[in-house]
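Pasting the structures here.
Both complexes shown next keep subunit A, but they swap its partner, so subunit B is in the first and subunit C is in the second.
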Partner chain A sequence: MSALAQTLMPEAQACADDYEATRKVGLQRLMQHGFPDQKTEAWKYTPLRVLEQRETQTEPRTMGEPAALPAWPVAGTLLHFDHGILQCDPGELAEGLTLMPADPKALEQRDFDALYGGREGAFSWLNLARFDHAWHLQVSGEHTVIMATTTTDAFSADVHPRIRIEVLPGARLTLLQDQTDAGQGLVNMNCEIDVAEGAQVEHVLCCKNHESVWVQRTDVDIHKAAEYRVVAFDRGGRLTRHDLTMRLREGTAHGEIDGLVVMDGHQHVDWHTEIVHCTGHTNSREAFRMLAGGTSVGVFNGRIHIFPDADDSHSDLNTANLLLSDQARVNIKPELEIYSEEVTASHGATIGQLDDRSLFYMRSRGLSEAESLALLKYGFAAEPLMQIQTPAIRDWALEQLKEAL
Partner chain B sequence: MLKIKNLHVSVEDQEILKGLDLEIGPGELHAVMGPNGSGKSTLGYTLAGREDYEITSGSIEFDGEDLGEMEPDERAAAGLFLAFQYPVEIPGVNNAYFLRAALNAQRKARGESEVDGVEFLKMVRESLKGLDMDESLLKRAVNEGFSGGEKKRNEITQMAVLQPRLAILDETDSGLDIDALKLVAEGINRLRDGQRSFLVITHYQRLLDYLSPDHVHVLSDGQIVESGGPELAHRLEEQGYAHLERASA
Partner chain C sequence: MSETVEKIESRLQQRYTAGFTTDIESDMIRPGLDEEIVAMISAKKNEPEWLLEWRLKAYRHWLTMKAPNWAHLDVPAVDFQAIHYYASPKQKNRPKSLDEVDPKLLETFDKLGVPLHERARLAGVAVDAVFDSVSVGTTFQKELEEAGVIFCPMSEAVQKHPDLVRQYLGTVVPHTDNFFAALNSAVFSDGSFVYVPKDTVCPMELSTYFRINARDTGQFERTLIVAEPGSKVSYLEGCTAPMRDENQLHAAVVELVALEQAQIKYSTVQNWYPGDENGKGGIYNFVTKRGDCRGDDSRISWTQVETGSAITWKYPSCIMRGDRSAGEFYSVALTHNHQQADTGTKMIHLGKDSTSKIISKGISAGKSNNSYRGLVRVAKKADNVRNYTQCDSLLIGKTCGAHTFPYIESANAGAKIEHEATTSRIGEDQLFYCRSRGLDEEEAVALIVDGFCKEVFKELPMEFAVEAKALLEISLEGSVG
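On to the complex of A and B.
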């Protein structure tokens, strides 16, 4: 057993509750597949040395006072995961929101092998083996939900929050997910979002991580005439990994991903996205940008997968990346896997540096070098955030971008 | 206002300007003409302070200050403006925001108060008058998706808002049709106030028909080889530059 496995899978962590069978499956698969190394294609550019060198504690998971929460630009129902534990009274939610423990039997019947695969899905298996609570949020009507995930300076544990959000037919959800950390632990989050027929979801995912290791998996299922749009704004972390999979399950489903990563120093950010057209008459679009400064390392793997007979599917994937220093690196891999003929699918990828001509043009108009650089970076970075449809959240994100630059 | 003495400039170790002398007084409009590769744009870029344009000898004084020691933004704040031959597209940066940021950066550097949004809008609208430029272009990214003519008119709009003391216009007439050329020339003429000076770099005499230059200079192989009045531009239009190339050969 690897050092990582020994740290993250102590047998004493087995909890005796209704989820025992599910956790057992997770643990078995993890033992079977093991953790990824750099021979694992999906983790080729993301070594886990940082995590291997740390000794995370398994108890206590809560650290006294919860972390302070920032002010958000919209009012909404707050789901606060503090050190991985949801601080929320299910009885106090707004009408139309129902929060409950996930159905243990339903979890047992899920085909997680198809979802997580082998070694590449090790952290998803780990989440399944180690979660404290599995939550299920049902949404009907129109709601704004703020899902905050925080840790404090004393945090040195490994936590595995898990939630499934079910957006019922015709419902509208604005989901603002805000992640920030302190301390030096591991947050390994699993989030499932099911967008039922005719429902609409705007998902804004903001991450500002520091020394803790963050791993997040998000699986989204989009059904007939439903729409899901996510804008991710990631300001990096010591080691962060996001796997976002969007499945267009039924005809006329529509999905969009816009992503922006701004990283600096010795941060390492890895985004793996996958758009799966399971059936025809489905549309998707993805645009992802990274700005890498310092000695940071970025990884973007964007995949479009169109099933056989998924005719009349349309997808476009575009990634543009900017290196702000000689030492920064980005590893980009757009992938198209298409098994149907009557589709349109395209991809494009660029990696470049700030244009000297643009810099001179701006300086010739009176802007200092620092002002010009900031404006040029902002011009490049703002576009994904401009796709946020809720004006107050968009303005808030753009202000945060200005601060980040 | 501007005194250039024996200016030698190299770009990537190749000498382009080879001892150029030029003086421009307050309120004067000078035209510099010359064949391709003679160093016209190099002169403009050097004055604006583009990196990699190395002054190997000679001097440039702007109101008694050594221009060579100033950063591009310091030159702009001192009152120097270069209208680019090929204005740069800057995706994602709002045209109006950029112009206001530039204006306020210059004003701040000069110790003047910043201009608020309302005042700025008034200034821009005034500047747009007569240029037949759609105000919606201000809401778009700087020069992105603009036609050639719109880019040139955007340069003139910037010039009108920034109110430089010396404007260098690098082939602002290239790519313009007759009507647009006239509009741009009128935009320049509106800024002539007896104090503001202009250095107009062009291949052709047609822009000068509208601008009535005080002095016309011919630049060839990195040096000014002939100077005169507006009649010189007419003569060059008739004779071309072939005689200069023969002379330098």
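On to the complex of A and C.
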């Protein structure tokens, strides 16, 4: 067993509760597949050395006062996970929002093998084996939910929050997910979003990580005539890995991903996105941008997968990346896997640096070099954030971008 | 209606015109692979001790390796002990001229349209013909010698130019490179050796034609092309095999070395037997091809038209080591019936101001799967690199797959990399337009596919471009309707 498995293996701590059978499956698969190494295709650019060198505590958690929360640009229902533990009272949510523990039987019946696969899904198996609580949030009507995930300076544990958000038919959800960390632990989060017929979800995911290792998986299922749009704004971290899978399950489903990663220093950010057209008459679009400065490493793997008979599916993926320093690296892999004839699928990818001519133009108009650079970077980076539909959140994200640049 | 279907079916059955067998007695060594077999192959070729040691080292390394499984391919297990690693048509000695070559062999190549004999002069292309494990004849050797160009079978080069072979063999694709390269290094037999001296423009196109004939054999040729500073050479290869129900293995290695300001253009029209319409038989084409732009301002260009093979695993690559060096890759890969292809290129930029261009066109029909897999890597010290990649896939039919897996790794802020990929089918409007001009559906598809591949075809030498176009049309027969 690897050092990492020894640190994170939960056998001794397996809780005997209603989820015991599910946890057992997670544990079994983890034992069977092991943790990924650089020969694992999906992890080839993301070594886990940082995590291996740390000794995270499994029990007891370092708990104290929850981390302070910032002001939000919109009013909404707050779900606050501090150190992986939900801080709010499920009974006090607004009408139309129901928060409850996930049904153990439903979890047992899920085909997680098809979802998580083998070694590449090790952290998802770990989450399944180690979650404290599996939450289930049901949304009907129109709501704004702010889901904040925080840790404090004393954080040195590994935590595995898990939540399923079910957006019921015709409902509208604005989900602002804001994540930040302190301390040096592992946050291994699993989030499932089910967008039922005719429902609409606007998801804004803002991450600003520091020294913790942050692994997050988001699985989104989009049903008939439903829409899901996510804008991810990632300001990097010591080691962060996001897996975002969007499945267009039924005809006329629509999904969009816009992403922006701004990295500096020793940060390592790895984004793996997958758009799966399970059926025909579905549309998707993805645009992803990365700015890498310092000695940072950015990884982007964007995959479009169109099933057989998913005719009349249309998908487009575009990724543009800027290297801002001689020491930074960017590794990208836009993939197409197409098994249906009557589709259009395309991707485009570029890696480059800021345009000298544009810089010269701005300097000739009297701007300093720093101002010109900032303006050019902002121009490049703002575009994905402009896709945020809610004006207040968009302005807030753009302010954060200015701060980051 | 049923008559039309029958016609298409019967044409489909006949579409592989190179599938005949030549009834010729073969000298084969026993099947299986061990150190004794490696030594036997080396002895057959009368090789020096150093080359035998080199082969044995490769064989021992191969034993420690596993066949790659990362490609988007379903490869049935290959029994490496059931293959004859050496087979040659029975003849006393290598013929000194084409007049001494067994007429049956000449007839075979004549049937395949390879200009070995009197037609050779008209075609103006120097040809090396490789039949199973040996070269049976090389044309225009004298004329090339006058220009200082060496073009001969590898086994002859080992005897006549051992220093040159020893200096360059395995320097671009070492025996440790991958499973199939290690296997090839242990058991390779013939292939071509080309040496173009300094400031020499090779006076004619060089060409090698590979033919697998014997049953239960594989072909493991090794080609080495060295272009000295300021030289220029264009090389073409073609390949076919008989139609058989069993799968046969082709694991070749091609190494190209381009020194300062040298240019190598390497073109392939690959037409190995692809198997029947049910996926039975066909060649497993597991090939390692790599060019090293070793000198400043050097250039290597790969052009390939891949229509054959049951399974293709092939990534012709360029290492741009020299400053201002350039690599190019133009590819058309067509799969039909149950064929599988995972092919593409690697462009490794190590030199400053180096450039690369990739144009890849994949066409999938029937129940086939066609993948483009490419790597563009820019090293930290490679300033001011430029790469452009265009990668298009065309789907014909509802049961095939087209996939794209490009890896782009940049460690230099000055690099400018652009990649574009599209997947689409032949548009109804395009078909309608062609049909309204009097073309039938198959002709219309052939015309559209020809247009789709034009960017690659224009890179091929003229004779090959014509052959490639015809091959594509034949391969697509029966894919519509």
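In the analysis below, the second predicted complex is superposed on the first by the 403 of 405 C-alpha atoms of A that agree within 3 Å, B and C clash if a C-alpha of one lies under 4 Å from a C-alpha of the other, contacts with A are read in each partner's own complex, and residues count from 1 in each chain.
Keep in mind that, in the parts below, a residue touches a chain if its C-beta (ideal position, glycine included) is under 8 Å from a C-beta of that chain, and two chains touch if they have at least 3 such contacts.
Note that the structure is a prediction, hence the values are computed from the model and not measured.
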Exercise for the section: Have a look at where A:378 lands relative to subunit B and subunit C in the superposition and call it first, second, both or neither. Expected result: first
Problem - Broader residue contact with subunit A after superposition on the shared chain, subunit B or subunit C - result: C
Handout entry: Touching partner for A:7 - first (subunit B), second (subunit C), both, neither
Key = neither
Exercise for the section: Using the touch definition from the top, say if A:309 reaches subunit B (first), subunit C (second), both or neither. Expected result: second
Handout entry: Touched partner set for A:326, first subunit B, second subunit C, both or neither
Key = second
Practice task
Using the superposition on chain A described above, determine whether A:295 touches subunit B (first), subunit C (second), both, or neither.
Solution key: neither
Exercise for the section: Could you look at A:367 and tell me whether it touches subunit B, subunit C, both or neither (first, second, both, neither)? Expected result: first
Handout entry: Contacts of A:351 with subunit B and subunit C, given as first, second, both or neither
Key = second
Practice task
Would you tell me the residues on subunit A in contact with subunit B in one complex that are also in contact with subunit C in the other?
Solution key: none
Completion exercise
Given the complex, residues on subunit A that touch subunit B span 355-358, 360-369, 371-372, 375-376, 378-383
Problem - Contacting residues of subunit A [partner subunit C, same complex] - result: 41, 308-309, 311, 321, 323-326, 328-353
Practice task
Provide the residue numbers of subunit B that touch subunit A in the complex, in ascending order.
Solution key: 48-51, 71-73, 75-77, 81-82, 84, 87-88, 90-93, 98-99, 101-103, 105-106, 109, 141, 158, 162
Completion exercise
Residue positions on subunit C within touch of subunit A in the complex are 70, 72, 380, 393, 395-425
